[in-house]
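Should a chain be cited, it is by its letter among A, B, C, D and E, assigned in written order, with residues numbered from 1 in that chain.
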């Protein structure tokens, strides 16, 4: 009975989360939804006499893989949200038709199968789940296990190939950099100093507020462009900031 | 109960499949693939109990490893193409066609 | 039962070819880590070639000296049987040839992490940087290819599939020129590959649920004995089929092939078109014949349809292609369809199965060599911006470089299945098996598709020989020794298999005679 | 009396009868292959070979006469031509063939000689003689063949020679067209003959006269009738009988000696030869015989009518030829009673018509190749020898008593009258018209006022041309009487063709004969008033409907054009269109269809990875669904 | 002595040799020498052939691909022998005729002549093959050299024509491949040797399907109506020499195949399909002739005449009487000479004037009488004038067909009239009439060209009057073929007393 309740709760949660994964505009939400699904599944694993897998699911999947996803999402730009307008003609329609059809086919197929009562894992797990799994992995499936190493090496190698760039000249020191900044200043008059920080006041303590110059006007240099763009979309952009950005735009 | 688990797994698999079809963000697409793999794992675990042997669990374990490796490669490729195109939309990668 | 685990027995000698390849790959990675940059290539190339040659020698030694084993190795995970050994030999030679091609010219990106067109890339190019990681990656892929057709259970098959595919996903994105296309190919290949392997996995899950095991042999026994769960079996088999058919590029799962073949660096395309196809077919045949052998009344009509669709789609779509690599990709799809005809040609009698299998094996060898040769020629026809892919650039090549054009024309004729080329006997062997297997209508469709396919092969010949050369036509690169060797070998194979196929047929026969171990 | 047995022969002149054919053939070969080198002596070689052939013919004739009448069918075997169909072909020397041989080589030699003069200034004279020789050889093969295949070889061979000679002045489009027309119309006849031969072969499995004729009675009536009619079609083509007559008038485009030799004296009579030679078959098929006689009568009238309206001297003579051959065919259709008259008329006609044609040639030679009789007149003084010989020929053809034509033509008319009164009276009518048009021709040419044009200076032809005329006119005078009186020829011919049940008796004052003479006289007198005494207008008056009818060859060409040429052209255009658009269109359309579907189908490959995924997804669903369906079957 | 292998081998080695010669002129002379050697060897072989001996002589059989039951098996019977002779005779003539053809487009001369020799090897091979598979191999492989000859050295539309030719033939060939495979598996003998396969297929329905597989391939090759449309394009675009080999020899493989394979392997089906095939043939005869009349391009016209002639040959093959069969075989040979002569002389003419269009000519006889004369003789042979060998064969075919299929033979015989129209009309338009301005300076045939034409015309004439040497060889083979189809000639309605019996 307990299993039933757990199942139904988690089934509903995981399906909703899965739908959320598919239909949320923001990639980050999708990622979080995926996390929810994974956690739900972890519990379901545990319920089905697979404690080891449940743990691995949480540690490896939710812990590592999801983090990787989030990391890349951040790298790619967390602010970008998908437009959900379909551009390929008929794609969404057929996708949903096929999805429903597929689900119906699988659901009906499996649902209609006469399935006997589960044999249960009591026998198989009598030495404990982990030792039994270990025995299988290191005997019957040892070859697959060994070959998996090739997979992991490939993954590491691949990541290196695509992301790592070998340095071919010495790394510039602080000294070099500051020298370069001033050379630039001398040539083009570019400000060698760091940009001004955001405005920090009693009412606002956030990076989305621009700094004020001594004359009370907004310092364009302190405006975070990414945030400004967001706010412009949402309509919460302060008018003076908007004005400045406008001016800058025209100035170009 | 087995049937219930299986239907859930089928549902998740189908949702993942639809997700691959409708989402444009490569990362989300990839997440949907992961969802499909998770659905498979659920089926494996369920069948393991159903059949009373641990093979299913072993496979699920392997799937997780494979998925991890796949994620690394996949994300590396996606990042690379993002750096080139400044876009994570899979629709933008459509020079090769017909 | 007090927690002691019996140590598994692993027949190292049997698995030696695979282990050599994997081992060399790992050594390669170590070289990458520890050897100075300027030495890496010099170590990699011989290492790779030697390991492949060694693996080949071990395969031969196994087959010739030690006889064909009758039991699965490595605790039943890997089946090193006649067909597997034959396929290994084929893959190893093709991989060897492809490696020669890889080392031949500067096909690969200087710095993969650099954004195309950026200063970094310029600089990398300027410094002559190169990714020597290619070689271990190729070795890993080849290792996967070896394992895939020998996998005796679905888990190993899945792992092998990934081991084979992951390096290829990467390699696809590493073309030196047209990097946008190359990266796009990688991303497409990767996403679709992952998508399809999910299907493969789900199929595995259902079959596991049905049979209670993932051993092909046990599934096979279950097919006859388990009742009431046929739906699981059907869906499982179908989904497994999706994963496998995707790898061989059968319609309607063929869409990735042209894009990926076009975008990938040509030597990698050659490797994929030859090695991967061979491996995937080996696995397909093993899964369908060994695992689902009892189900052939069900899968045969389905594959029938798939084969027809594949042949037609491949042949028809190729007609209007203007890119040489894309055209060859479609041609590869069509050839996949022809091979499927052989897969369907099973029968109840072992002799029939053996003849169908030997037909497929022979076809794979014939097609593999020809296709590697064809891609090798593609690498030699260059424009200012790299390979001259557009067909219009090939106009009049016959006048500019009669030898090369002649060789390419010969390959095309082999693809078209003209007698006295290897392609003819390949097609013949497969069709003959199919006819005696009762698949005559399929053969007729195949024949019509061949005629349509002949059109686009012939069109290229027309372009090369019968059209006047473009004023600023592509230049023909003087081939490196590697490329020249590849082309030479391919020509030799195409001629010899076309004129005197008997030895290879004998080999394929004796490989097929033992059929698969279970 | 039945024809005699065939006897295999060797030795003597008959044994080397093949020399008759070989000699002119060698001559032709030498002249054609030798090229310009033989220009100098080409004409002489031509004449010599023809004469040599004549000598062999005479010797063979003499040898033949040496045998008893019942042993005068001598066959000589030559070689296996077509194993299985025409094995051991050979030559047959019998009274019938030797008569032809003498005519062909005799008249042929004369015309060869005449041509030396006539063609003296033609640059292609050597070629001309080569063709003439070729003709003689082919014609001799035709009549000497002892089987239908060899006969057919000769048959088409003379057609070829005729083609070459009609188109001898090939630079004239009209000549080239006429030559082609002659060949094609002849081919229509040959088509019939060919089918006839096939029928014979299918029926008897033999084509040899010696084997077929004795067995002919065994065949069914239908078969024999069919064979007869088919052979008749062949005869119509070669002998310009209705409805295949149209080529003969056009054939006058050829040089005049050709018209004399081929299109009057010899080749056109081949049809008569064929019918007489196959007499056994015809006699067994009455229907076929009836058709033969009808064709003969129709043609003799048609030819005569055409002859009345022609201003072109050669065409008028050609009409007359048609008409005279019509007489022969009529006689040949009657059976053994008519055979001798047919062949005798054929021989005498050979002489006097050759005489007339060569005379006409002589006139044209004198008049700068003018052929329009309206531009002649009063030539009798300018060319006395020509006039005299022409006059003899004229009298012979209209059947002036005691000249050749009188005996032979009257014989035919009498026999026809006996056979069938309607045919007889129509033949009499034909004789009357002959009297008119031949008189018209003579009066317009030699009498009346000069109507010469331009720089015409008519003069008598050289001796090499006049001597043949003289010899021929001698034949025209005496030959008929010699052959007919006392049934001399009929008896001679009988071993080859048999004898009628009762021999005809020559009756100089029969009713038919008198009526015929009267009609001829009326025609001649009428012609005198119209063309001798009266002024001949320089341009032909429009004339009545009948005149127009005759002038336009009884609308034969118009009919051909409407029935065959136009629909043929239309059919050709349709067929070409159908081939390009229909059959080839289907093929190309199929190719274009595949190409087009490729162009459309490749759009499926959109380049969007999501589309590809969709196809995989849908494909997977279909695969699962299909598996279900198949699995649950 | 392995005659046939020697012939093939000499040709192949010659082809290789030609590519090695560095000098174009030398290459030509070498090719000519090789082809003459082959001719001499062929004649030497033919002399040793005994017409009443074994059916297949000079047999050689070696295992080639035991896995498929394929042998390298060659031998000749009378039919194959005369066709090999035809090939051997035509090749030197074509070589001589094509002396300058390859230079026109500035393409490789050596390749062209090498291709001719390759083709010769394959032509000999295809007629000599006694293994069905080997036959198929040659049948298909033969396309390739011809494809290159048309495509590389042909006229303006050459690539279209070449592709059409190749695809058409390939398609037919592939259908035949299916039939070949099916024949092998249904016969279940594990061998492709023709002699072992004869009579193995007993089931009539099976025979019919297999027959169709073979027949369509042959009908395309021959080409029979309505599969003919590739021929006018290919023949019109091919250089004259290639056109001669194409129409003169290659297409004969189709009718040869019908006679050898369709009849003997599937006798019941052959009988069943006889009305259909003969109908197609007759349509082809009349249709080809009518379309030929309407052509404006000389080479296309000649090609269409061949469509008509192939109708005669196919009709003769399927009439199934000794005379028709022997006639058809003889027709194959004669047609090679006759059409060969027509194409070559038309080619000489076209080379001089640079146009294939009939309308561009007129009055050539005046300026080039020898050319015109030989053209006329060739034309007359095409319209089967008695005295030329084509007559004998056409006569035999028609008479033989008439024995069994009266109506068809009569309709087919109208081809005789139509032939006169198309040939003479073409001749009139090109050679007769006033000399066209553009041809006034045309030279007459030169010595080389005369050497090309003379043997052809001589052969036409000799066999026109004395076809016995050929027929003596052909007859026993055809009789044997017909007896294996178990048909007999109809008996005469009225038996006659044969002379000398």
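Everything that follows uses one rule, which is that contacts are C-beta pairs under 8 Å (C-beta built on N, C-alpha and C of every residue); 3 or more make two chains touch, one makes a residue touch a chain.
Keep in mind that this is a model prediction, so the values were computed, not measured.
Student: Mind listing the chains that sit against subunit B and also against subunit E?
Tutor: Common contact partners of subunit B and subunit E, which must touch each of the two, are C, D.
Student: Counting only C-beta pairs in contact, which chains form the busiest pair?
Tutor: So the pair of chains linked by the most contacts is A-B.
Student: By CA centroids, point me to the most central chain in this structure.
Tutor: E
Student: So which chain is farthest from subunit A, going by the mean of the CA atoms in each chain?
Tutor: So the chain farthest away from subunit A turns out to be D.
Student: Where the centres are mean C-alpha positions, what is the separation of subunit A from subunit D, in Å?
Tutor: 104
Student: Quick check: how many Å separate the C-alpha centres of subunit B and subunit C?
Tutor: Whole-Å distance between the two chain centres: 25.
Student: Where the CA atoms of subunit A average out and where those of subunit C average out, how many Å apart are those spots?
Tutor: Computed value for the inter-centroid distance: 35 Å.
Student: Show the residues in subunit D shared as contacts by 2 or more other chains, in ascending order.
Tutor: Subunit D, residues with two or more chain partners: 591, 602, 605-611, 613-614, 617-618, 620, 624, 628.
Student: For subunit C, write out the residues touching at least two other chains, lowest number first.
Tutor: Residues 112-113, 155, 159, 162, 166, 169-170, 173, 187-188, 191, 195, 206, 231, 234-235, 258-259, 455 of subunit C touch two or more partner chains.
Student: What are the residue numbers in subunit E that touch two or more other chains?
Tutor: Subunit E, residues with two or more chain partners: 167.
Student: Which pairs of chains touch each other?
Tutor: A-B, A-C, A-D, B-C, B-D, C-D, C-E, D-E
Student: What residues on subunit D touch subunit C, complex-wise?
Tutor: 591, 594-595, 597-599, 601-602, 604-605, 607, 609, 611-613, 615-616, 618-620, 622-624, 626-628, 630-631
Student: Hey, which residues of subunit B end up touching subunit D in the complex?
Tutor: Answer in residue numbers: 17, 20-22, 24, 29, 90-91, 93-98.
Student: Along subunit C, where are the residues that touch subunit B in the complex?
Tutor: Subunit C residues touching subunit B: 112-113, 115-116, 155, 158-159, 162, 166, 169-170, 173, 179-181, 183-188, 190-191, 194-195, 198, 201-202, 204-206, 208-209, 212-214, 258-259, 262-263.
Student: Name, in rising order, each residue of subunit C that touches subunit E in their complex.
Tutor: Contact set of subunit C toward subunit E: 358, 398-399, 402, 413, 416, 418-420, 424-425, 428-429, 431-432, 435-436, 440, 443-444, 447-448, 450-451, 454-455, 458-459, 461-462, 465-467, 500-502, 505-506, 509.
Student: Within their complex, state which residues of subunit B touch subunit C.
Tutor: 6, 9, 13, 16-17, 20, 26, 29-30, 33, 36-37, 39-40, 43-44, 46-47, 50-53, 55-56, 58-59, 62-63, 66, 69-70, 73-74, 76-78, 80-81, 83-85, 90, 93-97
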